[in-house]
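Next up: some structures, all given as structure tokens.
Shared chain: subunit A. Partners: subunit B in the first complex, subunit C in the second.
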Partner chain A sequence: MSGSETPAKRDGTARPSSWPAIASIGVATVYLIALLGAEKQSVIISLLVAGIAAVLAGGWFGIFGGVSRAFSEHEDRMGLLAIVALLAMAAWFHEDHFVLLLVVTVLLTTVATLGLNIQFGYAGVLNFAGASFFGIGAYTSAVLNTTAVPHLLVPLIGGALAALIGSVLLLPVLRTRGHYAALITIAFALLFKTFLEVNDVLGGPQGMPVKGMTLFGWSLNDNVEIGGITLSFYMSYFVLSLALLAVAFVLVRRLERSWIGLNLDALRLDETAAACFGLDITRWKITAFLIGNILIGIAGALFGTVGGFVGPNNYTFADSLILVSILLLGGIGNPWGLIVATFIVIVVPEKLQTIQEYRFLLYAVMVICVLLFRPEGLLPRPVRRYFPGWRP
Partner chain B sequence: MNAGLFAQYVMNGLMLGMMYALVAVGFTLFFGVLDVIKFSHGDVLTVGAFTALATYVGLTSAGLNSNWLALVIILAVAVMAMAALGMLIARYLVMPLRSAPALNTLLITLMLGTVLRECVRLFYPQGANPKPFPALLPRSSIDLGAFNLRLDNVLMLSAGVLTIVGLQFLLNRTRLGLAIRAVAQDEETARTMGINFTAIVLITFAIGSGLAAFAGVMNGLYYNEINFGIGLYLGVVGFAAAIIGGLGSVYGAVLGGFLFAGLQTVGTVLMPFASAYKDVFAFAVVIAIMAWRPTGLIREKISERV
Partner chain C sequence: MMKSGKLAGAVIATLVITLAAAVAEAKDKVKVGYIGPLTGGVSVNGIGGRNSAELAVKLRNADAKTKYDYEMIVLDDECKPNVAVQVATKMAADKEIIAGATHYCSAAAIAAVDTYHKFGFPVIVWGAVLPDITYRNKYAEIHRVNGTMINQNDANAELIHKLGFKTIAVIHDTTDYGKGHNEYFAKAIERGGKAKIVGTFGVTADQQDFTAELTQIKALNPEVIYFGGLTPIGVRIRSQMDKLGLNAVFDGTSGIVSDAFIQGLGPLAEGTLAFREGAPTNKLPGGKFFMENYNAQKYDNPPEAYGAFAYAAMDMLIDTIEKVGPDRKKVIAELANVKDRDSIVGKITFDDHGQNMVPVITKFVIQDGKFVEWDESEYAAGKRKLPGQK
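On to the complex of A and B.
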């Protein structure tokens, strides 16, 4: 569009500046570094209280309107900036195994919720077995990392397997609607966990260890030394996860913008009307379900490798509900909101040990409150925009 | 297989079926009056069973020795407490969301189920572990050749049958039942006929939740053990049973419950080597049956109004 008039100029209004978004990313990065680095519970609690107060104050003074406008106007630039911010955060904690593992968990969970977002948020296909498909990916890595399969292929195989096993559910899910389809995925989540517990091949209730990744003869489970600075071995996994998240994010964004996303939206909003306009409902539901599961499975496989251990208790129905909670808190269909919500949902219980045990309860209550008082989520999905400066 | 073992399997199947049926009836009742699925139904059952257990612990520490009296009291407390809980859920979580998308009701009841389950796990003393449930019914049994007919099973089965027959009587022969059926058929017409819609919905939720508490106590008495996850399991199977029987019909739900129990029993008989996989099998049956008959055994006529 360079050289020609932008639609915004035609309106006579200037394109919003990107400074509010840049500033908010900067503030968020500093805040997260402080929060992740804090050790004392009292410091963590005061930081969290300060964060909540700042968000409430920001909402009161109406700052967030400007920030979200700036985000949607300069999305590509903000994406790059967010990557830089995450890299800066990782560089700050380059020796700290625990913090890096936490950040990697957040990144991979975000990838999984992005997959869930395609199913739930765009196509309206219910999936309450997200953690099970995540687990399928993780168990794939546990089994395949000890074999001669190239380790970079393992996550892809994990994704493919999650999609394949998920397609067993496709027939019942497609034949039913709404609550009935939900029942099928819930039954699958329970089945999966029980199966993992009673089988003998996959380690039973004890689970099994996962071998670290080796890329081109270089083991990712070794610390890296560059010029006298030791980097935690999680740094390599961090870079890998960040790359995966970037790809998944761009993919989901493009998908949403494309006519596929438009079809999925139509499907979710009114199946009958969509069918009347000639959309093949079955085809698009299958597409959304499979793409979503592939993303979840890839993230799961990488997560299994990073964690070094898989067990049935990490992939329960309650964990699936946590994924759904992230989706609802972030605002269904809004990928940026998902990143924020995942950070909150994963990091807060890890840092605040007192609520670790209560996290399922806490997030269930939070989702109930959100549904009662703010059903569109904390960061609602913005109206689809086709070019910068366009207003409906 | 000898006759004794066969009779034992039949008895197990009947007990299982009765519990499934009682849960399924709740789903059917809620769907009838409000057209909603309350996913927290199974967890209400869990809370009911734990309420009964807590009451029993309280009674024994107060020095009550009679098993019969204890049973009557814990049953009454559990049923009444769950009826009240069901009304609260209906009033403050389900009814406010009537105009919202169906997905929201689904999510809110699902999350409420998690809240109830987690509350039991976290706040009941050692709630994360399975708890022993007292055997309050007489343990004597009648010897029928190769088969021991246990008296407590007979008592529980007859209590279940009486409850379902009583419910059917209530729905078909009383003014209250007439009102419930009227609301289920057409809310607006029922309102114009002077029926208090809110009251009827609340009463229906109370009845359904009370039945769940009854099923929870029955589950505890039968297995002599309860844990915080039973509700989730019974809820999923009960919901599937209600769908198979055709949502909205009480006898359909009962039929669906016994059908599931029958399939499960046949599964354990035919595959004794895979007894560890019996829950896996049960959930697989749920998925398979839903794929086969998504709208119940008697096919629902689907018409879309545009």
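On to the complex of A and C.
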């Protein structure tokens, strides 16, 4: 991969080949299919160890430099390829309800962390109540799916409600800074859970069931049969979640690249300096906070429908911390890192079910190792590229 | 990283060896499932239940007369509704798993019942006490060997009346478990008519400091403090009562019938009342057999209060599979006929909702660091007075 520093590249006539990135997506897909399909304790643990070893070896031999260059040069193509890879994965597991549920959980959690990414990663607005806004979305779907509201609109309403309820926090968050702003969102997370527990209309501590989605008279909770092949009912949710993730991803990427993203970055790096250059700090903080919450709420609403049940225990402060830890693990500000981190945070503990009560111990050790050896996250945010493919 | 690599290598090696040792017999393999909270605040109960269910499987596999070789798949519901739905989907969607003994936490069980119904997966609940789990719907797949909180609170109120207490303060956690207990206890007390509830306090299940509630209760000066909740906050409330000098009889529910409660409180646990469905393990026809076999396995944890129920649930599932073969539909049909079936927790009869109608409730009091049956205790005999009794 050291060949990418050739004179041909310098004068701007040739771009680095996209093959390293294509190969890495291919390898990752095959690996994920093997991991998700594995059932035996020994196989799962060997796969996890092999995965860690491969990543370490890749880092040692400097393969990743080429991969990341290829990624940043051909991002749009790689995005499409990632979608194809996910579809291939879903096709492989088309009958396997549980694996699809797990993958849908990963996709929707990624959408939620993309929302957090706008707040934390770009604008530097702290939000430790991510799971609460996720919960607002989920409860919206629990309440509205039983009414005549078109089910496709429900996630959007969930997002709007998350932003609306979140705006209660705007004033205190804007008036405080750093740790104090964080404390306010933590307080909100605790209040939100207690509110749900004492509220009998919303099912109280026991939670409430969520009706499945019906789109144009077609119930998404039924298995699909096409030409003798039975598709799990989670497949339709998978397609929906993937579409949502694709839209959210493009949106976040465009936002980052636009002048809004530039303003948000300036705001995060130095508020005073940004204000001196005439940026309206309040306005941009509000923008980031609301857009983030909308994304989290939409993901939550869809997730509530997929899970079929909402309860206060799902939306505790601890769950918010898990969302934040995904952000830290993936590398704050890099949406690609988020996808990798969400897979790790959701799939690994689930796969470790085979070692029963010790699974969180092993999982915690893994996370600590990552933070120890990659303090900036697995895929740190690269330097801003003003024009894709442009070289001085 | 080198160290962790070596460690992982060692772990894999051990796992491979144990796996190789396990695969030795030639009978048809049948998979059964177990779900309980293996991590989190109530994990002792989940692990105790897991060990007990595993014991049922081991004893059966050791018997040469069985038709099948059983393998138990264990999943962790973390006592959370969303995780419960996830693992229930995982277990029920796996066609190789025929039936399962599932859930200690009511919130987890109630979230998962729809999933079991959807997949036609027969389960026997082994520890969750919320009445709704069996009674909200009439699902043929759902059964339960332990009783509900209704029976428990009737017995509790009866004892309170018998002891002549007049004033009671209620503390309950705001989960379905605590709120259910509050509701059924209040009803039972009202029916009795002689005692009065002077105050009711809801607390969250992870609350640390109860000074505010306990100070108010102190002003009300009740004779009894009824607590509807699980062991962790039960321990906190009882010890903070002591710090505030609050003297009253501490009256708990099945949620504190756990050795962890006594360990957490030490001498302060003395004289605490608690209630549980079924006869105490050592009083059961198969209780001695169960404890002897359990101890022989040298598990790190005791079976805890519901271990015998987990054993009974798993044993009944295996009995049924032996009789009708590994077929989910046949298992469901056969479980509907369970009547006066002997088990280590006494006779089991499922009603049309799959609920075991055991009327037996055991009253416990903690005496000298042990849960002793009330009628056999020195407190009932009048030799000792309950701490806080006025």
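Criterion: the second predicted complex is superposed on the first by the 353 of 392 C-alpha atoms of A that agree within 3 Å, B and C clash if a C-alpha of one lies under 4 Å from a C-alpha of the other, contacts with A are read in each partner's own complex, and residues count from 1 in each chain.
FYI, a contact is a pair of C-beta atoms (placed from the backbone, for glycine too) under 8 Å apart; a residue touches a chain by one contact, two chains touch by 3 or more.
Bear in mind that the values here come from a model prediction, so they are computed numbers and not experimental data.
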item: Which superposed partner A:A187 touches (first subunit B, second subunit C, both, neither); value: first
item: Subunit B versus subunit C as contact partner of A:S258, first or second or both or neither; value: neither
item: Subunit B versus subunit C as contact partner of A:V49, first or second or both or neither; value: second
item: Partner chain in contact with A:P172 - subunit B first, subunit C second, else both or neither; value: first
item: Touched partner set for A:F360, first subunit B, second subunit C, both or neither; value: both
item: Subunit B versus subunit C as contact partner of A:N313, first or second or both or neither; value: second
item: Which superposed partner A:T230 touches (first subunit B, second subunit C, both, neither); value: neither
item: Subunit B versus subunit C as contact partner of A:L328, first or second or both or neither; value: first
item: Subunit B versus subunit C as contact partner of A:T282, first or second or both or neither; value: neither
item: Touching both subunit C and subunit B, counted on subunit A across the two superposed complexes; value: 194, 198, 357, 360, 365
item: Interface residues, subunit B side, partner subunit A - complex; value: 37, 39, 93, 96-97, 100, 102-104, 106-108, 110-112, 114-115, 118-119, 122, 232-233, 236, 239-240, 243, 276-277, 279-280, 283-284, 286-288, 290-291, 294-295, 304, 306
item: Residue ranges of subunit A in contact with subunit B within the complex; value: 124, 126, 128, 169, 171-172, 175-176, 178-180, 182-184, 186-188, 190-191, 194-195, 198, 272-273, 276, 317-318, 321, 324-325, 328, 357-358, 360-361, 364-365, 367-368, 371-372, 375
item: Touching residues on subunit C, where the partner in the complex is subunit A; value: 1, 4-5, 8-9, 11-12, 15-16, 19, 38-39, 43, 46-47, 50, 74-76, 79-82, 85-87, 89-90, 93-94, 106-107, 110-111, 114-115, 130, 132, 174-176, 178-179, 202, 204-205
item: Subunit A residues touching subunit C - in the complex, by the definition given at the top; value: 40-42, 45-46, 49, 53, 56, 96-98, 101-102, 105, 193-194, 197-198, 204-207, 209, 307-311, 313-314, 350, 353, 356-357, 359-360, 365, 369, 373
